[in-house]
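Common to both upcoming complexes is subunit A, partnered first by subunit B, then by subunit C.
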Partner chain A sequence: MKRSLAYFGERALLVLISVIVLFPIAWMFLTAFKQPRDAYSLSLNFEPTLQNFVTVFSEPWNLGSMVMNSVIVATVTVAIAVPCAALAAYSFSRFRVKGRKFLFFLILSTQFIPAVVIVLPFFLMFRQLDLLDTRIALIIVNLAIVTPFVIWMIKGFIDAIPTDSEEAAMIDGASRLRVIKDIVLPMAAPGILTSSIFCFILTWNEFLFALILSRRDAVTLPVGLVSFRTERGDLWELMSAAGVMITVPIFIMALFIQKHFTRGMTAGAVK
Partner chain B sequence: MQDRLLPYWLLIPAFVIVLATTIYPLAYSFITSFRAWDLTKSRRPGDFVGIDNYVYAASESAFLNSLWVTFVFVITSVVLTVILAMALALLLRRKGPMHTFTRIILILPFAMSPALIGVSYRFMFNPEFGVLAKGIGAVFPALQGVPWLADPQLAMGILVLTDVWHWTPYMTFMCLGGLASIPRETEEAARIDGASNLRIVFGIILPQMRGVILVMAVLKTIFALKMFDQVVTLTGGGPGTSTETLAYFIFNVGFRWFDMGYASALAWILTAIMMFISIWYVRMLLSERKMATA
Partner chain C sequence: MAEVRLVDIEKKYGNFLAVPKQSLTIHDGEFLVLLGPSGCGKTTTMRMIAGLEDITSGDILIKGERINDKPPKDRDIAMVFQNYGLYPHMTVRQNIEYPLKLRGVSRADRKTRVQETADKVELGALLERRPSELSGGQRQRVALARAIVRTPSIFLMDEPLSNLDAKLRVTMRAELKHLHHELGVTTVYVTHDQMEAMTLANRVAVMREGKIVQLDTPKKIYAEPADLFVAGFIGSPSMNLIDGEVSGGVFRADGVEIPVTLEDRKGVVLGIRPEELAITQDASAAISGKLYALELTGESTLVTLRNGTTSACARGHADFEADIDSPCHLSPKDGARIHLFDRASGERLG
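Up next, the complex of A and B:
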C-alpha cells in the first residue's frame, strides 16, 4: 500500500515536471494559431487560423528575410567552425606537442569571455570597414563563441575512439592525413554531427551580437522578435508565430541529437 | 619532417579563428578602456586618460547597482538550478516509459532561444491577459492583479525563473552523466541493509557527486554572469534599474550612450571576474582528470 503511494507520487511528479517544461512552449504554439482577439483571452475554445503566419511573412515584418539571415549565418558558421575545430581536436587528442597544455587552456578560457566584451571592438571595426548590418559580420563574431566550444566537444568524442586501427594503418604505410580522412573521420562522424547541430543551435539562438551588429538587412530571427513590440503595444499573436518559426527547426534537431547530446555534454563537461 | 610539424598545422586554422575573434578584440578593448572616447562626438579614439574610467566606475551608483543585481541574480539562479537539476536527475535515472518521456522533452527548454523565452514569459505574466498571472490569481486570490513585471522583486524573481527553466535541463543531463558513472554497489548494499532513501541520497550518492556538483555550479555561475538576452526581452532592465545586470549595463553604456572608453573598462571588469572563475574552473577540471587517470 505504501509502495503504491510512492509509485503514484513519483508519476504525479513526472507529470508535473512535464507540464512545467511543456506549458510555456504549448501556450506559444496555441497563441500562434489564434486570431488577435483570441490571443488576449485564455480561452482554449477558439477558431484556429494561419493568418498570423501569413502576416509575419508579409510587409512590414518580412520574417522571410530574417529566416534567410538566420539560416545563412548559422550554416556558414558551422561550415567554418566544425572542420577547423575537428582538426584541432584531433591534434589535441592524439599528439603530445610542446605548449599543448597552454594552448588548450587558452582556447578553453576564451569560451568564458563575455560576449559583450568581444562585440565592442568588433562594432568599432565593422563600422570602419562598413560591415555593420551584414551577415559576414555576424558570422565572424559567432565563430568566436562557437569554435572553442566545438573543439572541446569533438575532442571528447575523438578521445573515446581507440587508436588501434589508426596505428595499424600507419604501420602499413598510410600517412597521418590519410588516417584522419579514412579512419578517424568516419568513426567520429556521429560526434561531429552532434557537435555541428549543437553549434547550429547556439548560432541560431544568438541574440546579443545580432542585436548590436544588425539594423535592417542582416536581422536574425531572435532579434526580429523585438520588432513586434510596437507603439500599439506588443503584438503577441505575431510574436508567437515568429516564435514557432524559431523553435520548430531547432526542436527537431535537438530531439534528433538528444541521445548523443546527453553523452557528448557529459563527456565534454564532466570528464 | 612533415609529420613532426603536422600537429601544429592541424591546430593553425582553429587557432587563427580564436586569435582573431577573441584575443584580438580583448586586447583592443583593454587598450580602449584607458581612453576617453565618446562615439557621438568623434569617430576616432580620444586621449589616454589612465585609469580614469575604472576610477569613475568605482564611484558610479549605476555600476554598483548592476554589480549587486548581477550578484543576486547569479546566486539565486545557480543555487536553484543546481538543486533542481540534482533532484530531477535522481528522479529521472530510474527506468520507465514516463521517465524516458520526461528525459526526452527536457531538451526542449535548453534548445529554445533565450530571447524567445523572455518574450513568452513576459506574455504569460502580463497582468491583464497573461495565462500565468491569471492562473496564479485564480488559485491564490490574494495574488490577483499583481503587476508581476512592474514590481522590482517579482521582476527579478521571474528573470531567475526564466533562467532556471532554460538551464535546469542541461544541468540535469550533466547530473545524469555523473550518476551513471558512480558505482552502484555501495548504494545497493545500503538498501539491502535497510537504509532509507534520504540516507542513501545524502550519505552515499551526494558525496560521490561532489566533483560533478562543483563543476555544475562553476559552469552555471559563468553562464549566469553572461546572461543578457532575457533582460532585454523580459524586463528591459526594469522596473527602474532593478534587473539591470552588469552585461546589460555595459550594453547600455556602449550602445545607447556610445561611451566606448567607459564601456570597455566595465567590460574588462566583467571579464576579470569571469576569467578568475574560469581559470579556477579549468584548473579544477585538469586536476580532476589527473586524479581520474592516476
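Up next, the complex of A and C:
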C-alpha cells in the first residue's frame, strides 16, 4: 500500500512536470495553425489553417531570408568548430604537455562569462571592422561561444577510446595524423556527430549576439521572432508559425542524438 | 631479422625511476622473454623498444642502427598488445591488411597475403567479421595475424595470452612457439607468467623493480636462480624457502637438519624444489613435521608439511594418502640441488 502510494505520487509528479514543460510547446504548435481570431482562445475546437506559414514567408516578414541566415551561420560554425575542436580535444586527451590542465581550464572558463558582459566589446570590435550586420560576424561570435564547449565534449569521447588501437596503428606504420584520421575519428564518430548537433542547436538558438550584431541583412530566426511584436500588438499566430519553423529541425536533431548517444563504437576494440 | 641492443637505457617519470640504467642484447632470431611481477618495468622496457615511450637516457640499436629518435612506424617492428588493440570499426580483413596498406602494397598483393596469413592462424573463414563478433581467442589471432602479415624485423608481444582462458592459453602458446620456429624473427615477449617464459623462451630476463636480476636460459634460471627473488618466482609450485641458520656444516630450522657446505652463519634461507624432495617414513629425515595439506594435481599429489615456522612442499605420487596432522617426513632426493641465500640481501650463498 505504502509502495503503491509512493509509485502513484512519483507518476503524478512526472505528469505534472511534463505538462508544465510541454504546455507552451503544444500551445505554440496549435496556435501556428489558428486564424488570428482564434489565437487567444485555449479551445481545441478551431478551424486549422496553413495561412500563417504562407504569411511569414511573404512580405514584409520574409522569414525565408532569416531561415537562410540561420542555416548558413549554424552550418558554417559547425563546419569550422568541429574539426578544430576535434584536433584540440585529441591533443588535450593524449599529449602530456606542461600546463595542459591550466590551458584546458582557461578554454572552459570562457563559458563562465555572461554573454551580456562581452556583447558590447564585440559590437564595438565588429563596428570597427565594418562587419556589423554580416553573417561573418555572427559566425565568428558563435565560434567563440561553441568551440570551447565542443572541445570539452569531444575530449570526453576521445578519453573513452583505449589508446591500444592508436598505438597499434602507429606501429603498423601510421603517422599521428593518419592515426587520427583512420582510427580516432571513426571510433569517436558517434561522439563527434552528437557534438556537431549540439553545436548546431546552440548556434541555431543563439539570440543575444544576433540581436545586437544584426540589423536587416544578417537577421536570424530567433531574432526574427521579435519582429512579430508590432504596434498592432503581438501577432501570436505568426510568431507561433515561425516558432514551429525554428523548433522542428531541432526536434529532429534531438531525436537523432538520442539514437546515437547510447551507441558504443568502441565495442570489440579491446579484450 | 635483427639484433636489438639496449645500451645503458634508463626511464624516469618525473622523479620516479621506472627502469634504472641497464643494458641488454637480444640476439638475431632469439625469443627473449622479459619476466617479472606487475610494475617491474618489463612493459616499459618493451614500449621503449617500440618507440611508444621516450627513453630518458641511453641508446637503442636495431641492426646496429641507433633508433632513439625514430617514430614507431620507422622501426620495422610489429607488436601484439595485451588487449589486442584491434580496430573495432574495421573488419578482420581490414585489420590484417592495414599495415600493408600503409606501406603501399598493391591491392592484389594485399589480398593474397591477407588470405595466406589468415589461413595460417585459422581465421580464413572470419575475414568479413568485425572484432566485436569474435571470441577472445579469435581476436587474439587477428592481432597476431596483423603482426605477422608483413614479416617485420622484430616482434614485440606484451602479455598477449593473459586475457585468454587457461586451455586456450596453452594452445596459443604452442602456436606462438611454432610460429617463431617457422618465421625465425627476433621476438621480445613480456609476461608475468613464469610457465609461459619457461616454455617459450630461448633466454629469460627476470626483472625486479626495473632491473634485470638474471638473464639466462630457462633451464639455467630454474636450476641456478641468481637470488632469493628469482628462486621464489620461477617454478610451480614455487621453490621451498626455509628460514634458518647454519652451524657446524648443518642447516637448521624448525624440524629441519640438512648438511650443507657453508661456514656458520645466521639469517640463511635454504631453497629446495618440491620435485626434489621425497616423502619418507624415516623419522630421522631431513625435514619433519605434521601433514598440513594434500593437493591432488592429477599426475601427482602436492604434500605440504609444517613444523613451527617451517613449511615445505613435496611432489609425491598421485596415489599418496595420509591423514592431515599425521607425522610426515621429507628428504632430498639423490642429486637434489640445495640452494642457500642470504635472508637480508637475497644474494645467493651457494
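Just so it is clear, the second predicted complex is superposed on the first by the 244 of 271 C-alpha atoms of A that agree within 3 Å, B and C clash if a C-alpha of one lies under 4 Å from a C-alpha of the other, contacts with A are read in each partner's own complex, and residues count from 1 in each chain.
Just so we're on the same page, contacts are C-beta pairs under 8 Å (C-beta built on N, C-alpha and C of every residue); 3 or more make two chains touch, one makes a residue touch a chain.
None of the values given here were measured: they were computed from a predicted structure.
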Partner chain in contact with A:162 - subunit B first, subunit C second, else both or neither: second
Contacts of A:181 with subunit B and subunit C, given as first, second, both or neither: neither
Superposition-derived comparison: subunit B or subunit C, residues of subunit A touched: B
Partner chain in contact with A:171 - subunit B first, subunit C second, else both or neither: second
Partner chain in contact with A:215 - subunit B first, subunit C second, else both or neither: neither
Which superposed partner A:118 touches (first subunit B, second subunit C, both, neither): first
Touching both subunit C and subunit B, counted on subunit A across the two superposed complexes: 175, 265-267, 269-271
Residues of subunit C touching subunit A in the complex: 50-52, 71-73, 75, 77-79, 81-89, 98-99, 102-103, 130-134, 136, 139, 143, 146, 156, 163
Residues of subunit B that touch subunit A when the two form their complex: 3, 6-8, 10-11, 13-15, 17-18, 21-26, 28-29, 32, 88, 91, 94, 98-99, 101-102, 104-117, 119-124, 128-129, 131, 134, 165, 169-170, 173-174, 176-178, 180-181, 211-212, 215, 219, 222, 225-226, 228-229, 232-233, 247, 250-251, 254-255, 260, 263-264, 267-268, 270-271, 274-275, 277-279, 281-282, 286, 289, 292
Contacting residues of subunit A [partner subunit C, same complex]: 162, 164-165, 167-175, 178, 182-183, 186-187, 189, 265-271
Subunit B contact footprint on subunit A (complex, rising order): 10-11, 13-15, 17-18, 20-22, 24-25, 27-28, 31, 40-42, 80-81, 83-85, 87-88, 90-92, 94-95, 97, 100, 103, 105-118, 120-125, 140-141, 143-144, 147-148, 151, 175-177, 201, 204-205, 207-208, 211-212, 221-223, 225-226, 234, 236, 239-240, 243, 246-247, 250-251, 253-255, 258, 261-263, 265-267, 269-271
